[in-house]
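The structure appears right after this line, and notes come after that.
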Amino acid sequence: MSFKPIATTRSATGVMTAKLAIWWLLASEIVIFGGLLAAYIMHRIGHPEWANYAVHTNTMLGTLNTFILLTSSLTAVLAHHAAEQGDGPKAARFLYMTIGGAVGFLVVKTFEWSNEIAHGYTITANTFWSFYYTAAGIHGAHVIVGALCMLWVASTARKNQELHRVENVGLYWHFVDLVWIFLFPLLYIAK
Amino acid sequence: MSDNAASADKHDHGDGHGDHGHGDHSHGVDFYYKTYAVLLGLLVISVLGPEVGEATGLQIITLITAFGIAVVKAGLVIRNFMHLTLEKRFVHYFLITSLAFMFLFFFAVAPDVLNHEGSNWVNEAAIAHIERVQEEQAAGGGHGHGGHDAGGHGDAEHHEGGHDEGGHDEGGHH
Amino acid sequence: MIQFLLPQASSFAADIDNLWVLMSVIVFFWFICAEVMFFWLLVRFRYREGVPAQYVTGNEKHLKRWITWPHGLIILCDIAIIVGAVRVWYDVKQDLPEPDYTIGVMSQQWAWSFEHPGPDGELGTDDDVRTVDDLHLVVDKTYHFKLRSRDVLHSFSIPVFRLKQDAIPGREITGWFQPTKTGTYDIQCAEMCGIGHGIMGARVIIETPEEHEAWLASGGN
Amino acid sequence: MSEAAKVDAAHHHDDHHHHEPTFTEKYIFPLDHKFIGMQYMFTGMFMALFGGFFVYAFRMQLAFPGMSVPGFGTVSPTEYNMLITNHGSVMIFWVAMPVLIAAFGNFLIPLMIGADDMVFPKLNRLSYQVFLVSILILMASWFVEGGGFGGAWTSYPPLSADASYSMTPLGSSLWLLAVAVEFAAFLIGGINFITTAMNSRAPGMRAKDVPMTVWMICIASILFMASVGPLIAGAIMLFFDQMIGTGFFDPKRGGDPILWQHLFWFFGHPEVYVVLLPACGFVADVVTVFARKKLFGYQTILYTAIGTGVLSFFVWAHHQFVAGIDPRMANIFTVTTVLISIPIAEMMFLFIATLYGGSIRFTTPMLWALGFIGEFLIGGVTGIFLGASGMDIYFHDTYFVIAHFHYTFFPIAFIGTFTAFTFWFPKMFGRMMNETLGKVHFWGTIIPLNTIFIPLFILGAAGQHRRIYNYNHFPDLATPDLQALRVIATVSLLVLIAFQAVFIFNVIYSMFAGEKAGPNPWKSNTLEWTTPSPPGHGNWHPNDMPTVYRGPYEYSVPGREDDYWPQNEPT
């Protein structure tokens, strides 16, 4: 039985503590991705020759990944819905589906990257590819972290414990989805 | 502060969500599926947009479909999945502030990094780099080799450590 | 004031020193006011037996004006400082006068190399004179310098000119100065550039036209 | 509190006290915010010894070039660069931040808002552990092949990005990694502070009843969170440049070294206010207690703090005026930079105004707080010279800059820490510090502080640049007069360092042999003084958590017997 301080149970702002922390976490994530993407966009506009590099990104796989992440966002929100109804096992099932989405995303990513690296488009090839791998890599790290967190949340939710965590991990997951929603046009669509 | 006590109580019994305190915001499952359907529709449009843009030669269509739709999709996820609209006002404020700082960052840095020349300075290296790569791309059809060669050039130049060779003399490298 | 520590050897050195005087007057006025007030309050309201502290919230009109008036005055002073600073900045960095000569300045780890226009007065011709760590200038002539770096960041700083500009690899940055005083002075590197940063100095030699011609005639030795 | 909550709280309490925490649980891997705070504090002070040793070594080299420094040996240029770089990074990232924000934030926030702990004790512990890892990485970087990183704490590429320029292939990567890991630690800690301060306030505590220290640490954490992102992204990019050869900041491959400067200073300038604001908070709390006065304009001080915080995001490029940014941008940044003097000057005025009508007792903590105001004013006004673009052309990267920011950072990091440490020492250890030793330490620090840095202002005005290990290579600077100033600064530094021994002795002596302090030795209002010194686990008895009835600065209220009025005393 873990010890929980009285402080954690208070809510002077009216927003639950854990959720408030998640919102602050997302605010700090916005500036991390914001700084990186602002730098990328500046280079992208300033370097017309990058259009010819961007041609080599695989729009098909990018679209597939967007589809996977959107779907996993749906299952995440359905898990939240189930948790709201107090149905822990159902929420856990939806979370497992979301984790499945995360794994699928990473599998597609691995396939995509190994294909690109095999064609010589490595991270050191030029600055476009450096940004491509760095941005997608940081995002991928968030996907992995999100999947691990969901695994942990699902394990407690299954037992109908700590159901508020389902929504919080869901918020984080939606944010990961949001970042991808912007990475997708930046890296794949705009050519 | 009876709020605190109540939340403390419920919290410990494992149904921490009941005490949300914003009244009714439990959308039905249908609502989520509908949102999802709209998102997928937008995804299809954003993928088809550039095709139309290329066909008609209007790059603006590509940009609008790519980024306009990204913004719409993001809005839908934030509103319908993250329920930000039901959140307290101050949450909006600090999220928007972080975002605003990033725009500030972009517009303050762009004059130095996006532009390659300005008041009394010229970024010769960037201009030479662009010219050289574009020449190569034109010569080599632009496809297939771009990535590789630029990397090679970078390294080669690096060791020479020169400033003014500009790379023109290496145009026919591949 | 700065001229007592270091001579003014360029046309805009006096502007910068005057800006220093303007800012010092404003800034030290406020500084002295604040410190005098501070120490006076410390002495006046030190603990004395039987004298209780007053209950003051800070919203009393007659007390609050001690904050709001300085507040307004500081805004005025700030405007004066901004106007002074921007004018000097504009003259030194943005608005370059027509040059008599142009020189090239190349920085690298850890030396300066200078390209002087030869007898024809044009840079980029065959008679250019290249030197390392010695910059020869003619007094009272307007110069443009083209500043570059071969490897890492450096900073081209001539304290007697009150001039400083970082060199960025890959960029060519243009600036200007007009020496007004003959003599030999320091050039320092002012941006961290590695192990030899501490020895990356050079000398600027400001000569009369005759001396400079003689130097050119000797082939730059 | 409702009945249910009381039962609930009691349940928690019993549950926890079934097993007394072992030594390891209590001191090595504590969850209690007070012990984590102590860990941060003593780790930070330990790191200050390194920072102090570095400055000792390189100041000796500057005053007596080429001499064999006792305890170090001769300082080579490589070592000199390593010393200045690590002096700067250690003092800011591993001394000022952990002590001012993490240590006092951890110790004070829950106590001051009447909570039993931070909201996420385990995250809190994790934050300290991550911080400790960053220290190990940093220390490793000093001893690896090629030596520690020597590219200045700003770490500008290409010098920092390419080992063939910096000659420290491992040192620079490890240094960067240490900084990044340290940021992660403070992000975790910062979110914890903000959430705790926002959500876990005692019943009845409104926003305007929160002590200034809590407000300031909270605002500082928000500033940190909102500004550090671009630098984290930049650190990853720079790390890739170093380790796998990408070209983000390499101009020859389409990158741009200026980008790093922006990423760095977008964080770097708000960082100044991240450490400044907590120190201002301590000063506000200490000045009110020893002047027995209500804070002059609580809300105005709050607004000036928020205003300073917001404005601090608009000024960063004043560090880059002559660093190759477009000169037109400098005009905009001059305006914003000079304008930031308005809120910060007003805050200082309000602190001074708080003294008006007071009954000032010159105890050691009060002396430190007053010392902060007096000294920080010097740092503040000299900053205006550097923020004004025209003047900065000359002063950029000279010793004027060094003197300026040490007149801000020394008051912040050391005077601010001594203020808080001497003031809350009774609460931390249950004993009073020795006043005589405290005053000796105060004067032994304040006087050398000025004799160190006033000569540096003059050296800067004479055109002496930073980061140069031996000025004999520059004929204009190798004059005996200027050398005399360097010697004065170095000798003063030795005096200052020597007097810190008094402090260390005082701490150890008072910890074991000091006079016993009651719960409220200073007759202060805020909640931390309503619990025993040192507070037990959970700070208050769970059935007796404080409720707040008034603001924190109700001193000398007319018509009351006592000249203080604790926040939790029912009307």
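Labels A, B, C and D are assigned to the chains in the order they are written; within every chain, residues are numbered from 1.
Throughout what follows, a contact is a pair of C-beta atoms (placed from the backbone, for glycine too) under 8 Å apart; a residue touches a chain by one contact, two chains touch by 3 or more.
All figures in this text were calculated on a predicted structure; none of them were measured in a lab.
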item: Greatest separation from chain A - chain, by CA centre; value: C
item: Chain pair with the higher count of C-beta pairs in contact (A-B, A-D); value: A-B
item: Distance from the mean Cα position of chain C to that of chain A, given in whole angstrom; value: 48
item: Distance from chain D to chain C - Cα centre to Cα centre, in angstrom; value: 30
item: Euclidean distance of C-alpha centroids - chain A vs chain B, Å; value: 14
item: Residues of chain C engaged with two or more neighbouring chains; value: 93-94, 151, 169-171, 173
item: Multi-partner residues of chain A (at least 2 other chains); value: 4, 6, 9-13, 15, 20, 24, 27-28, 30-31, 34-35, 38-39, 42-43, 47, 124, 126
item: Interface hub residues of chain B, defined as touching at least two other chains; value: 1, 4, 8, 12, 94, 97-98, 101, 105, 109, 113, 115, 119-121, 123, 125-126, 130, 133, 150, 154
item: Chains grouped in pairs wherever the two touch, ordered by label; value: A-B, A-D, B-C, B-D, C-D
item: Chain C-touching residues of chain B, taken from the complex the two chains share; value: 119-126, 161-163
item: Residues on chain B engaged by chain A in the complex (per definition of touch); value: 1, 3-4, 7-8, 11-12, 14-21, 26-27, 29, 32-33, 35-36, 39-40, 43, 46-47, 49-50, 62-63, 65-67, 69-70, 73-74, 77-78, 80-82, 87-88, 90-91, 94-95, 97-99, 101-102, 105-106, 109-110, 113-116, 126, 130, 133-134, 137, 142-143, 146-148, 150-151, 154
item: Residues on chain D engaged by chain C in the complex (per definition of touch); value: 77-78, 80-81, 150-152, 154, 156-159, 162, 165-167, 251-252, 256-258, 291-298, 300, 321-324, 327-328, 330-331, 334-335, 338-339, 341-342, 345-346, 348-350, 352-353, 355-362, 370, 373-374, 377-378, 381-382, 384-385, 388-391, 393-394, 396-398, 458, 461-463, 465-470, 473-477, 555-558, 563
item: Contact set on chain A toward chain B in their complex; value: 4, 6, 9-16, 20, 23-24, 26-28, 30-31, 34-35, 37-39, 41-43, 45-49, 52-53, 55-56, 59, 63, 66-67, 70-71, 73-74, 76-78, 81, 83-84, 86, 119-122, 124-126, 129, 160-164, 167, 170-171, 174-175, 177-178, 181-182, 184-185, 189-191
item: Complex contacts: residues of chain C adjacent to chain B; value: 93-94, 96, 106, 148-151, 169-175
